[in-house]
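The same chain A turns up in both complexes below, where it pairs with chain B and then with chain C.
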Partner chain A sequence: MTRLSVLKTYKIYIGGQFPRTESGRYYSPLDAAGKPLANVCLSSRKDLRNAVVAARKAFGGWSERAAFNRGQILYRIAEMLEGRRSQFVEELMLQGAIEKAANQEVDLSIDRLVYYSGWTDKYQQIFSAVNPVASSHFNFSVLEPMGVVGVVAPQNSSLIGLVSTIIPIVAGGNTVVVLASEKLPLCAVTFAEVLQTSDVPGGIINILTGTEKELIEQFGSHMDINAVLYAGDTAENYKTLQVLAADSVKRIVKFKLNPSDETAENPYLIQDFQEVKTTWHPIENIGGSSSNY
Partner chain B sequence: MSTKQKDIQIPDFRFTPTIDKVGVEERVARIQTRSIKGESKIQGMKMVLNMIDLTTLEGKDTPGKVKQMCYKAQHLHEAYPDCPTVAAVCVYPSMVKIAKEALGNSNVKVASVSTAFPSGQAPREVKIMDTKFAVEQGADEIDMVISRGKFLSGEYNFVFDEIAAIKEACGKARLKVILETGELVTLDNVRKASEIAMYAGADFIKTSTGKIQPAATMQVTYVMLMAIKDYFNKTGIMIGMKPAGGISTSKLALHNLLMVKETLGENWLDNHWFRFGASSLANDVLMQLMKSKTGVYQSGDYFSLD
Partner chain C sequence: MNKNQSTKWNLDPAPESAGHVQLKTQYELFINGKWEKPNSGKYFDSINPANEEKLASVAHADETDVDKAVKAARHAYENVWSKLSGKERGKYLFRIARLIQEKAREFAVIETLDGGKSIRESRDIDVPLAANHFFYYAGWADKLEYAFPNRPVKSLGVAGQIIPWNFPLLMAAWKIAPALAAGNTVVLKPSETTSLTALKLAELIEESGLPAGVVNIVTGYGDTGSAIVNHPDINKIAFTGSTNVGKMIQKAIAGTDKKLTLELGGKSANIIFEDAPIDQAVEGIVNGIFFNQGHVCCAGSRLFVQEGVAETVIQKLKDRMDTLYVGDPMDKNTDIGAINSKKQLETISKYIQIGIQDGNEIYQSNCALPDKGYFCKPTLFIDVAQSSQLVQEEIFGPVLTIQTFRTVDEVIQKANNTPFGLAAGVWTDKGSKIFNLTSKLRAGVVWANTYNKFDPTSPFGGYKESGFGREGGLHGLEAYLG
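Showing the complex of A and B:
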């Protein structure tokens, strides 16, 4: 007797759980041959709202965590991804990649996670400063995470695009709500399973699937999203984001690198979603002493 | 015992009706599937705001915190026109005077917890003094706690007499009796405690102190509403209801209102008969109202701190 294979339900990831979309709608992305790959959630604006609520709730704990511990957790994601590499390779191939390219993409994703896990307790030293001032103050500037960051992941990449955009943001202590690639969403959902089995607390990374067209306005106008990284390729959507962001004065950043490029990683991508806090700390007059800051 | 109750036959509390837990859960689950939209949602949310007892009951409360909360009680969100005020503020007895002064002659009432809140583990004289102090300081409403230990060991008369004694000490102030359902273990006990409180002279019955989890679950509130209904049918006396603790979203608050309307009817949809004890609910409702007005999801950054 032939066995009916059990197909996986691709659900969204909000607050560490896998709910179905609130709207109950689905869409079927196609493979290269035009065959439906799977049924994937078509997220609505209410799903986005729920994800933002979860991200906001998780922000306090995540940003206050020791930087070193954030690094450990990101490293743990890399470990878990390594353990499930065959599944990712398989999904990448389902979505049209050849085996060699698929393997390379998974390798690069793991390496990129390790790369940013190393930066969590180092970017602060690079970008912070002690500022020379004329008064009796010790004046210093440090980076602080912005809060909840929305991400529109690259359309033409399933895994590496997702990792390259969201990981620097969470490495810097932000929480994210990411809209995965519409055409290539499978790895995003499987990546959520990796996150859940790593030590990543729920709500730090929330993953939605669906269309840019439907959600872009909500990403722009939602008052509780502090910044958005746009890695899509529709100029019109980018413009919509910028216009709607005016109301909440949120920062809009465009992701300009090619994520599949080995060099598409640097600490400036962490800095993109940091605010600078400058502190004037009164001290005794140190004029005349040898240190002249 | 108050005059209105002298003709009422007091039942034997050992024989109060038992509760069908599965039935309650099903009923509540059905109510929670309802969706309230559009204009009725906005009306409902304004009603919710007007029913809130804005509460701060912490060891770290200061006069400044209480004054700030009293200001908020009267000016929930300036950016929203025609915003109602809340029903009352709820504070510890030591803060009643400050709250009373801060509220001036606005319509917002001052409720004070008393009787050695939240545990209630003090002698009766102390509890009566506590209550009298709060009333003298100007409290319009008293939120007392029952002696759960005595209740659980079956000393229903003790609990009854205590509530009656506090009611007497309240004078003109309305008495809310906190059952602390999270410590009563079963729904049967909730029903029993509700009846004891109502027959002993409570003006309101209230679920919880907010210090114990679980607090005001829909199931518990439903059982208490049904007890109020049965009491009303027997005696013709209306008793108020106040779920407190754990109601922090407008959706849950609206479901509570729905439940009140369907069990007790529209007469109870008024802040004289129904209240929410909450601290963070007001901001969530305000954010929803602003969302309906602007079409944009809101952020807590633009609303006052609780």
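Showing the complex of A and C:
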């Protein structure tokens, strides 16, 4: 007798847990042949709000971690992804990729995680400054993460697009709520399983599946999202986002790079989601004037 | 056993086990990914300074061996390492970092057996910092174009690296990690008294799959080091050690194109102001001078206390010293382990004799020393003159000189009045005073309300006769790029 295989339920990822969408709805993305791939959660605006609550709760702890520790954790994700590569290759092929391209995409995603794990304790050294003010003050500027960042992942990529958009933001100490590609959502959910078995605390990265059309307004208008990275390709949605963002002076960044390209590896993607903080401290300038050793 | 006579209670022995550690009885030279016997056939003993027992025989490399190592490094540089992408170089370094983390306990135990430092320090400081250093520079390997804007990224070639015995594994990490990240290959010589963790690192590097010849480890004495320094096919020399040897190296390479960085001796001032948090400052003084038995180039070996608090600080310091455990480095309660070698113990004892003969007030902590091994009591000399040999020369042991001062101006003058300029400590609750001192002290590292802190992201190195170049951080890459 042949064994009946057990099918995976694709759920969303909020606060380190795998709930179904609170709305109970689903949609079925299609494969190249037009056949349904799976029943995927059609996340609601309420799911988005729940994810923001989880991301906000996780922000304090994550942003206060040592930069070195964040690097170790991102590297651990790469290790876990390497170990589960065959599952990702399979899913990429289910979603239409040929085997060679699928393998390349997984390789690139692992290497990209390693790349950004290296930046966590270095971007500060590139972008910070000691400012030679004319008065007797020690004056320095450092970068600090913005807070909760919404991400609309690229539509035409299942894994590398997701990794390339969320990891620089998280490397910089922000927490993230990401809407996965509507057409190619499978790898996002499986990536959540990788995150959960790495050392990433719950709530740092929250992953929703669903439609951009339904959630874009909420991304723009939610008062507790500090910034949004838009990597979608619908001009109308992008404009809606920009308009609604103004109510909370949200920072909006458009992702213009090709995630499969090396140009998607640069520290400016980290800097895009950092504030600059300048500190002034007096210098009591006495003594030592004749100490010219 | 830890005996402490000043308190009524003694801690039970808590020795770390050495059972799981794998040490060979004889170590060869690690050249071109293979273990090669030395040309001379000569070996020397590496001994445990805490009980004077032999741990292993170590090969003594001569000029021929060094030449072989340099050729291997050159070959690996031309044919493999310089052709690899930064990304792939970085991935090897990440592997090495992870392997050190996996084998942390074995490295800590061997470091303590071979060098005499307390297991607490090798376990909590040396080994984790070494792993972190590899992790940090691994990340730089594919990001070098960001380090020095508008400067093309170019590696140097073969780096000859000579490291001291006070932090053997950590110094190997400080040298190898940035060199490899920047695309160079390496010939490294550990100190003759502490070769073992460098050789264990060679085994670990083998395990990591690093291409043969990228890292070569040659063990030996000063003659081995000199063969590295004088080898014509080396592009860069990195040396950490005494100022005397540093000066010899600088002379030896004069007229060549070799790039040089030197991390040499120090006589660092640790300055306590009246408005300092006194109890924390006393901890800082103890950590500053007694950390690693005082075998620290940046040790806070000259204490300056403002007059108003001098009596209190010195009394509290004596009380604190009496609670320090001096003894078996493998005991987890031990604060101060064994002096690294007989020779170093003799040097320290010589300085203590000079201090006594000069008529200085001496205080030594009230502890029993083990019968075997090389040990030294924590020692203070109080009210020492600025011109005294004890104040002017590096002792490299648990010996602290104390001077007092009245004004900010006076202490800046005294602190800077030394040929060295490695580090300094400042203790005050007033921030504006700290930044005044950090600007005026001629030293490469200034610790404010803390001491002896190290991090892979933080540049370390000296002014004046404490050497030049920095290790650690973005600035540490400079030494390995053209």
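The rule is short, and it goes like this: the second predicted complex is superposed on the first by the 280 of 293 C-alpha atoms of A that agree within 3 Å, B and C clash if a C-alpha of one lies under 4 Å from a C-alpha of the other, contacts with A are read in each partner's own complex, and residues count from 1 in each chain.
We adopt the following convention: contacts are C-beta pairs under 8 Å (C-beta built on N, C-alpha and C of every residue); 3 or more make two chains touch, one makes a residue touch a chain.
Just so it is clear, the structure is predicted and the values come from calculations on it, not from any experiment.
Visitor: May I ask you to decide whether A:Val52 touches chain B, chain C, both, or neither, giving the answer as first, second, both or neither?
Guide: First partner only.
Visitor: Using the superposition on chain A described above, determine whether A:Lys100 touches chain B (first), chain C (second), both, or neither.
Guide: neither
Visitor: First (chain B), second (chain C), both or neither: which does A:Ser117 touch?
Guide: second
Visitor: Determine, under the contact definition given at the top, whether A:Ser221 touches first (chain B), second (chain C), both, or neither.
Guide: first
Visitor: Is A:Lys35 in contact with chain B, with chain C, with both, or with neither (first, second, both, neither)?
Guide: It touches nothing on chain B or chain C.
Visitor: Between chain B and chain C, whom does A:Arg3 touch in the aligned arrangement: first, second, both, or neither?
Guide: Touch status of A:Arg3: no partner.
Visitor: Specify the partner with more touching residues on chain A, choosing between chain B and chain C.
Guide: Between chain B and chain C, the winner on chain A residue contacts is C.
Visitor: Does chain B (first) or chain C (second) touch A:Phe138, or do both, or does neither?
Guide: Touch status of A:Phe138: second partner only.
Visitor: Once the shared chain is lined up, is A:Tyr75 touching chain B (first), chain C (second), both, or neither of them?
Guide: second
Visitor: So, A:Ile283: does it touch chain B (first), chain C (second), both, or neither?
Guide: Second partner only, chain C.
Visitor: Give every residue of chain A touching chain B within the complex, in rising order.
Guide: 45, 49, 52, 56, 218, 221-224, 247-248
Visitor: Considering only the defined contacts, which chain B positions touch chain A in the complex?
Guide: My answer: residues 295-302.
Visitor: Quick check on the complex: what are the chain A residues that touch chain C?
Guide: Against chain C, chain A makes touches at 67-68, 71-72, 75, 111, 114-115, 117-122, 125-126, 138, 265, 267, 281-291, 293.
Visitor: Residue numbers of chain C touching chain A in their complex, please.
Guide: 87, 90-91, 94, 132, 135-136, 138-143, 146, 407-413, 416-418, 430-433, 435-436, 439-440, 442, 456-457, 464, 473-474
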